[in-house]
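Please go over the structures that come below.
Heads up, the next two complexes both have chain A, just with different partners, chain B and then chain C.
So, the complex of A and B:
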C-alpha cells in the first residue's frame, strides 16, 4: 500500500492511498503506530485518497487513536468524503475521532494541542 | 442477466483477487459507486470472517462467490463449508462512545446489514450460504 508520510509545521501527516481493508489495514495501522511510538505527538491522517474503508481499517484507526491517547499525543482525521464519509456515518465513528473538513484546518487544530 | 463466479481458497491473500474481480464486474456493468463500494466492503467483511474463523481444521477449503445483475439489482452470494455461522444472529455493535469506550465487535456485520437492501443466510447440509442484494438506481 502506498502511504505518504510528511511533516508540516511540527505535525506528521499520513496519507494512505487506495483502500484500507483486510489486506491493507495491518500495514497502515503499523505505520501510524510506529510513527507515534517514534515520538510523533501530533498526527493528521488524510483519507482523501482512500476509496473505502472496512471494519479492519476502522480497527487500525481505533488502535492508533488509543495509542495516541496513551502517549498524550493528538491524532485527527481529514479528507473524509464520499463513500468513506458514508462508511464513517454508518459506523458512527465520527464521535470517536476528531474529523476536520480540510487538511489545513486539521493540521492547525492538531498543532494547537 | 449478467453473472460472474469465482472460487477461492480460504486464505486472506485471496482477497486481492476478489477485489479485482468485483472491480472488473463493476466496470463491465457500469455500477454506480455506492453499489460498487457496498460489494467491495461486504465481500471484505464476510470473507475475512469466514477465512479467519470459519474452519477449525487448518485445511484448505474452497469458498464459492457469485455476483449477478438482474432486474435492477445486484445479488451477491458467498457459499462455504465452514462451521455453521449465521452472521445475522450476531449482536449489534455499540456505536457510541469515544476512543476509550469503543470496541469493534460486530462492526463488519453491521456494515453488511446496513449497506445492502437485503441480507439472508441459509445453512444447507454442511454449507453456509450468505446472500446480499442492493438495488441499482437506473440512469435516467
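So, the complex of A and C:
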C-alpha cells in the first residue's frame, strides 16, 4: 500500500492507495496517528483510491479518530464511494466519522471547524 | 431488496413490495398524472402502435388480401391490443405484469407470418399465431426452471435484435422503399424532419415538450409529408370513403395449422417471451432505483398475458402481438410510466377499432414519417438491450454467443434473398433476423454451457498472495457463470475478509478450502479450515471494544461477514470449521 501525505490550505491530507487489510492497517494507522501526535489538528483522509478495507482498517480509522478527538483536533473522510461505501454500510460505522463527497468540501468543512 | 430512502417517491406496485422510483421518471407506475398528461401520453403510445400497424398490412399483402380485409385484420387486432394493454397493467390473479406495458403488432412474428401467409394464406397465419401464443403462455408457467437456459443476456439480445430490426425497417423505407431504389429527396426531408423534431424536443426541452416528443414529431412529420405530396394517394383517399363508426367485422376469420410451421412460430413464441421478460425487467428497473434482480412473478404474469394476447389476436383474425420495445423506448425517453396510461391507451385503441376513418388516418402515415420515427425509437431499444446484456459478467463463451448471433441476424437483414439458397428445412428459421439470432443464441448457449462447472473449488495457502487468488478465482468463475458483478464483489470481500480474520485470529493449520456453487438464483460459498471457530455475531461491537479489546477487530470481522452475505453460518464438524455464505442471485 502506498500512503501519500500532504498539506492543503492548513489541512493535513492522507491518501492511502491500494488495500487496507490486516497486513497494511498497522502501517496506515501508525502514519495517521504519528501525524496527529506531531501537532496536526486538522486531518483529511481521502479513501478515493482504496479498493478494499477490512475490519482491521476500520479499527485503524477508529483509533485515529479517537486520538484526534483527545487532542482536540478534527478528522474527516472523503472519497468513500462504490465498494468502499458498501463496506462502510455493512460495518455500521458510517456514522462514526464525518464523511464528505469530495476532498475540496472535506477540507473546507475541516477548516471551518 | 427494497429499502425506503429519504427523498424520492416511494411507490407500492401490485406485487406488494415498496420501491423507490428512479429519479429520471416524471411519473412512476403508481403515480397519477393530470388528465392532460395522461391522455396525451396515451395518444403518443397510440402513435407508436400506429407505426407497427405496418406489420399486419405487410402480412395481408403477402396473403393477397383486399384492403377491406386488411382493415378488418387491423380492427380485430386493435381490440386484442386494447384488452392486452389493460390486462398487462391490471395485474389480477395470474394475469398482468402490473406495469404500463403497451402491446402491439410485433416484429418477432413478421418473418414466420409472412412465410405462413404465402404458404397457406391468412387462416394459417391466424392458426399459427394462436399456437405461438400458447407456446409463450406455456413457457411462462415454467419460466423459473428454464431461466438457466434463457439467461438475461439472451433477453437482452432479443431486445437488441428488435432494435436492429426496427432501425432496419425504418432505413429500408428510405433506401429500398420504391421498387428497390432509394427514396426521392422529399422522403428524406420528411424522415429527417420527423427525426430532428423528436431528437430536438427530447434533448433540448423539458416538461410537456419532452414528454410528447414522439407524438409531436409524428404529427409535424405527417403534416410536412402531406404538404410535400407524400403518402399513398389511395390510402389518403380511403380516409374520406371510410365511415366514421362501424362494428368490427370477423367474416374473414378462419384458422388452419401446418406442422411445418411449428418451429418458426414456436421460436417466435420464445422470442416474444424473452422480449416481454426483458421489457418487464426494464420496467422493474425503471420504477425502482434500488432494483437488483428481476421479480420472476411479475415477469411470469406478464409473459402469460403476452401469450394469451397473441392467441386472442389469432382467434379474432389478426396477427401476433407482444409488448412493444418501441413503447419501452418512449417511456424511457419521456419518463412517463404511470399504469393509468395503459387504461387510457386500451380505451382509445378499442374505440378506434369501431372508428374506421381514424384507423385509416393512422394507416396512411407516410412511409418516410414512419422511417424517421422508427429510427428514433430504435435508439432507445438498442441501448436497452445493451444494458441488459452488460448487466452480467461476460466471458469469451458468452461474448461469442452474443457476437455470433448478432452477426447472423445482420447477415439475414443485409442479404434476405440468400435465404432462398438455404435448405428448405432451414428456411423458416432464416426468414427473420430476430428468429435467426434468437435460435442461434439459444443453441450456442446450450452448447457452450457444456464444460462450465457450476461447482468449483480452490485450495488457499494462507502464506501466499491469497487476496489475488480469491479475486482471480471468483472473477473468472463469475464470467463463466454469467453472474451479477455486484454479487461476485460481495463473495470476493466475504472470502478475503474471512481468510484475513482466520489467519489473524484462528491459528489455521494447512490450507483453507473454498467450494462455490452457482445457479441463476443462488451463489453458495463454503470455506473450510482446521483451527478455532470464527463467530459471526448479530450485533456490532462498540467503537471502544473495536479499538481496545483484544478480540474487537475479530468480532467486527464476524459482524461484517454476517451482514455481507444474505445468509451466513459457522459450524464445526469433525474438528474442521466450515463457514457458509449464501448470496441470493
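Throughout what follows, the second predicted complex is superposed on the first by the 113 of 113 C-alpha atoms of A that agree within 3 Å, B and C clash if a C-alpha of one lies under 4 Å from a C-alpha of the other, contacts with A are read in each partner's own complex, and residues count from 1 in each chain.
In this text, a residue touches a chain if its C-beta (ideal position, glycine included) is under 8 Å from a C-beta of that chain, and two chains touch if they have at least 3 such contacts.
What you see is a predicted model, and the numbers here were worked out from it, not measured in a lab.
Within the superposed three-chain model, A:69 lies in touch with chain B and out of touch with chain C [touch as defined at top]. Within the superposed three-chain model, A:58 lies in touch with chain B and with chain C [touch as defined at top].
When the two structures are aligned on the shared chain, A:97 is found in touch with chain B, with no touch to chain C. Once the two complexes are overlaid on the shared chain, A:22 sits against chain B and chain C alike.
Look at A:109: by the touch rule set out above, it reaches neither chain B nor chain C. For chain A, the partner that touches more of its residues is B, with chain B and chain C as the two candidates. Contacts of A:31 after superposition: neither chain B nor chain C is touched. In the superposition on the C-alpha atoms of chain A, the part of chain A touched by chain B in one complex and by chain C in the other spans residues 19, 21-22, 52, 54-56, 58-59, 62, 66, 83, 87, 90-93, 96. Residue ranges of chain A in contact with chain C, taken from their complex: 19, 21-22, 52, 54-56, 58-59, 62-63, 66, 83, 87, 90-93, 96.
Residues of chain A that touch chain B in their complex: 19, 21-23, 51-52, 54-56, 58-59, 62, 65-66, 69, 82-83, 86-87, 90-93, 95-97. Those residues of chain C that touch chain A in the complex are listed here as 467, 489, 493, 496-497, 500-501, 503-504, 540, 543, 546-547, 552-554, 556-557, 559-560, 563-564. Note for the complex: chain B touches chain A at residues 12, 15-16, 19, 33-34, 37, 40-41, 44-45, 47-48, 95-100, 102, 104, 107-108, 110-111, 114-115.
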